[in-house]
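Paired with chain B in one complex and with chain C in the other, chain A is shared by the two complexes that follow.
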Partner chain A sequence: MAKASRPRLAVWKFASCDGCQLSLLDCEDELLAVADAIDIAYFMEATRGRISGRYDLSLVEGSITTPHDAERIRDIRRISDVVITIGACATSGGIQALRNFADVREYTSIVYARPDYISTLATSTAIADHIRVEFELRGCPINKRQLLEVVSAYLAGRKPVTPAHSVCVECKLRGTVCVMVAHGTPCLGPVTHAGCGALCPSYNRGCYGCFGPMETPNAPALSQHLAELGMEDRAIARLYSTFNADAEPFREERERHGP
Partner chain B sequence: MARKTRTIKVDYLARVEGEGAFKVVVRDGAVQSAELSIFEPPRFFEAFMRGRAFSEAPDITARICGICPVAYQMSSVHAMEDALGITVGGPLRELRRLLYCGEWIESHVLHVYMLHAPDFLGYAGAIDMARDHGEIVKKGLALKKAGNDIVNLVGGREIHPINVRVGGFYRIPGKRELADLGETLKSVRDIAVDTVKLVAGFDFPDRSRDYTFVALRHPDEYPFNEGRVVSNRGLDIRVADYDRHFEEVHVARSTALQSRLHGGSYLVGPLARYSLNFDRLAPAAREAARDAGLGTTCTNPFQSIIVRSVEVLHAIDEALRIIETFEQPDRPSVDVVPRAGIGHAATEAPRGLLYHRYRLEEDGSIAEARIVPPTSQNQPSIEEDLRDYVGGWLDLDDEALQHRCEQTVRNYDPCISCSTHFLKLERIEETSG
Partner chain C sequence: MDTGREQAVLTVDGVDALFAALRDQGYRVVGPTLRDQAIVYDDISGAADLPRGWTDEQDGGHYRLTRRDDDALFGYVVGPHSWKQFLHPPRQRLWSARREDGGTEVTAEVTPPGRFAFIGVRACELNAIAIQDRVFLGGPFADPHYQARREDAFFVAVNCGQAGGTCFCASMKTGPKVEAGFDLALTEILDDGGSRFLVEIGSDAGRDVLVSLPKTAATEQDRSVASEIVARTTRSMGREMPDGDIRELLLANLEHSRWDDVAERCLTCGNCTMVCPTCFCTTVEDASDLAGVETSRERRWDSCFTMDFSYIHGGSVRTSARSRYRQWMTHKLATWIDQFGSSGCVGCGRCITWCPVGIDITEEVRAIRGGG
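Right after this comes the complex of A and B.
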């Protein structure tokens, strides 16, 4: 393919741990093939470069937590044909959205000696709260197979194949014994969005919801079951309140059980 | 007074993890000041950890950094175990070391091949470099993948592993799985040996300083999870006494705190670890270092790329040793009973010492958390390097100078996401008279 016709990709970072964009560099077997097919035009974690022109595809990692970033995401929308958000930070505000339930001034003074040096918003919010996005890829971190699928699909102009069922269904598909039924281990699998291949249960551990809520989950029913397993309200509230704490169904469950 | 002002801007420092900027002021041909600023938006981990369960610390603190999540998991589980009065030994301890080997390999090789080597070979990044040096980049990727294979098997996935818990693990990898991993590591070991040779041949600026090195030191191991905190200036303390000697300062230009040891700057990471623990390296790693022309200490930060490569070889040999001698434990974790207490731990993240301290309530919930990442400890040192080294490069044109400055920062493989990426160089030249 002629160089000039390769689609241009940009990778952008907001408040995050860099893990989701690192997933691209972790595609060791595919990276060079990807770089042949697309022009990785702006990706600061990997290469020196300048913002210039338009991008066919922008991958956005991280959440909006500062006034400056709320402006910057609008600029990125203007110069991008397609925007795909990657990871829990970008799709639900991430772990740093725990501030949305607290007083951010108090948080600042716990961590910093001079809170007056810090400029931050009271909330950490998803990218889609600020701009239109074409697709949201879940996970903390995202699954790299899913990332490759989504990028290829958008570049080919088709819909990505990313199942919307629960982690619970993924367990059944891979034949993993249910940790809740077999061992009474609390698990968010029934309400969590698929994508990881039911990783935690395959390691004898309950799911902690890092892919966020699936569409239309029945969280109250699960919470009821968790209570029957002996979990206290506070522990149930905590379980929903991690990397996707501000995703609506999880937030509601937290509020029903916690302070 | 006539003033000559020259401003160079790098809008965003590439090939580091996070957002930062720096500013160098030159007057009458002498460097007046050098400041590194970190604009990474604060995420307030220490604040929202309050009230969480002790058992959540490894999963939550992992999210501070996607490049070195294992380091956060290790420092947090050790600190919690210290607070709860339990020790994890035998095969479980070995498995933790194995997991750490995986992260060192993956993180170091990422830096050596993809972030740092392009500086020496004159490319914008590894993908450009691959056009002329395809074989080299492919080998680097294979080596990196082997590191990730370790983290994948022992941790469950490369980024934010799910298998680590206070007390041990959820699942122990089987014999067959470990044996296969051993085969993979053997197949890339030659690449690790060649990497040391390759980077030793790069052209290094002749720069060094009289650094205060700080690292862990263990009676008989190259340090990962345990040891005393020592320096090349006589410091030799228990981790629990860390706060008596080190303090964190908040400077206006950063959302990261800066650390000082007895009021002065110091350096953690590969150079410090190597210089304080050369005698603890695996024999092949020591030999590779000697063949590469390194002494038993290294004070040129540009050569940190050689030290990282030596540590990769060490980590491969250590991982192979663990796999070959591993005995399956009876249980994947030891029992943990919550109680009130204070716990400290420091482990060696790829970028250097990572200190955690927690105070727990009786029910095991976290009352207070403190985390000191390597990059905030190195920040003053990075600034001093700029101040000291830039003076010798003032005859360079703006672009070359800017590149040298960036490289000076990248020597540290700074992980700015950790210390709470955007780099801006302003060169203000002032001439008086």
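Right after this comes the complex of A and C.
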């Protein structure tokens, strides 16, 4: 592909840990192919970029937690043709959305020596709560194979293959023994969006729900089963209060069991 | 057990020799083995790889391995895997294409013969394979991938020595005695001397393999003990499908309130369909590379519990859990009969055991029928 016709890509960061952006750098073997296919015009993790002109594709990591960021995301929308959010923070507010259920002023007064220097919103919210986004890629962090799929699909002008069914389907595709049925290990896989390839169960651990709710989650039914496995209400509430705590089906379930 | 078929008796060493003989004939020997606290199907190199002395405890949403007080080689029932893992694998590439200067070259995927020797196949499983044969090979178009894997498969069946907690093959008339579709069938006889196996010949290929093995003649006593084992298994089924015309029952009750009840419990996770040995549905997924030069199409197991499954222009047709569970159960037990000439359920119990919340297909039928 001629250089001039390569789409311009930007990777933007908001409140997040950088883990999702690093998934892009983690594509070691494919990185050259990525750089061949698109012009990585702005990417703080990899280049000393410039913010100028327009971008064909903007990947956005992180959630909106400050008034300044709420402004900046609008600017990014204005200069981008396609906006794709990457990761749990950008898609549901991330672990920092736990603040949405608490008093932020109280937090800041405990954590910072000069809380008056801190300018922050009371909430951590998803990018889609602020602007229109074309696609949301799940995961904490995102799966690099899925990221490559999203970029490849964008370049080919097709829909990315990122099914929204349960993690259980992925367990079964890889032949993993169900940790909940065979070991009694609590697992959020039945209510969690696929994409990781059922990573945790393949290491004999229950799913923590880092890809957020699947397409039609029935969290109350799963919680009832977790209670039958011996989990107490507090523990059930905590299980839903992680990387996607503010995603609606998980938040509602936490509220049903939490204080 | 007088079935009119030729019989002989093998020792544990004889069974080991059987696996070696199959391997010598170029078969890929696949059978039950222990992994991650379950009995799965995988490549095995000899009788030592079998879950000797283990059994499985099964109930709705519950599976645990426990030790037996003997050294039985086949003292358990079916686990999370089924043979469809091999005959109809989760992912199957269909074709790939490459863009060259002037045009595009498309290469259809050719599946080489599987040459599997499946060890320890149960009666319900042989019936499930017969059902998938009708699905993939029975119509006007044979699926070439399934055909290549299926064609020269060798089946060493086992008559179940006990029924599992979720088994109900007896009420589906698909077991526990293996009746057809096998090359050799074993019945494990356990006594003070350990295990010996009454082996029944089901095909010429079975006879050919058996010729070279160390064996003894089957006695009248062996036959009657083996019959008693199967009869005992029949009596100890963990579950039972209600009798009567289930097709009629379900189709007459499409608006029954029980569908709402099960929808409250169902996670729409799809596990039941993935573990079911007769479920065959797939979707296709396309891949393209970053450079836009290579592309390929793959089919992968899908489930009537996913939204994509019923996605047509504008959205999914079956959005509620109610409609999806009903689709699954009415297809399995009713419309399957119209489509393929038999029930789609062989009573293996997997969908009950591996449903995370233990939804029980026999219980749901009973509830719709009413009257307990």
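Just so we're on the same page, the second predicted complex is superposed on the first by the 259 of 259 C-alpha atoms of A that agree within 3 Å, B and C clash if a C-alpha of one lies under 4 Å from a C-alpha of the other, contacts with A are read in each partner's own complex, and residues count from 1 in each chain.
By our rule, contacts are C-beta pairs under 8 Å (C-beta built on N, C-alpha and C of every residue); 3 or more make two chains touch, one makes a residue touch a chain.
In this text the structure is predicted, and so the values were computed from the model without any measurement.
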item	value
Which superposed partner A:Glu106 touches (first chain B, second chain C, both, neither)	first
Chain B versus chain C as contact partner of A:Asp69, first or second or both or neither	first
Partner chain in contact with A:Ala235 - chain B first, chain C second, else both or neither	first
Touching partner for A:Pro141 - first (chain B), second (chain C), both, neither	first
Touching partner for A:Gly175 - first (chain B), second (chain C), both, neither	second
Touched partner set for A:Asn204, first chain B, second chain C, both or neither	both
Partner chain in contact with A:Ile40 - chain B first, chain C second, else both or neither	first
Residues on chain A lying within both footprints (that of chain B and that of chain C)	204
Chain A contact footprint on chain C (complex, rising order)	35-38, 40, 61-64, 80-81, 85, 90-91, 264-271, 274-275, 285-292, 295, 300-301, 303, 305-308, 319, 321, 353-354, 356-358
Residues of chain A defined as touching chain C within the complex	1, 30, 33-34, 36-37, 148-149, 151-153, 155-156, 158, 161, 163-166, 168-169, 172-178, 180-183, 187, 189-191, 204, 215-218, 221-222, 224-225
Chain B-touching residues of chain A, taken from the complex the two chains share	13-23, 25-26, 28-29, 31-32, 35, 40, 43-51, 65-66, 69, 94-96, 98-99, 102, 104, 106-108, 110-114, 117-118, 120, 124, 140-141, 196, 199-200, 202-205, 208, 210, 235, 238, 242-243
Complex contact set, residues of chain B against chain A	11-19, 40-48, 50, 52-53, 56, 59-60, 63-67, 69, 110, 114-115, 118, 124-128, 130, 134, 137-138, 141-142, 144-145, 148, 156-160, 162-163, 170-171, 249-252, 254-255, 257, 332, 406, 415, 417, 421
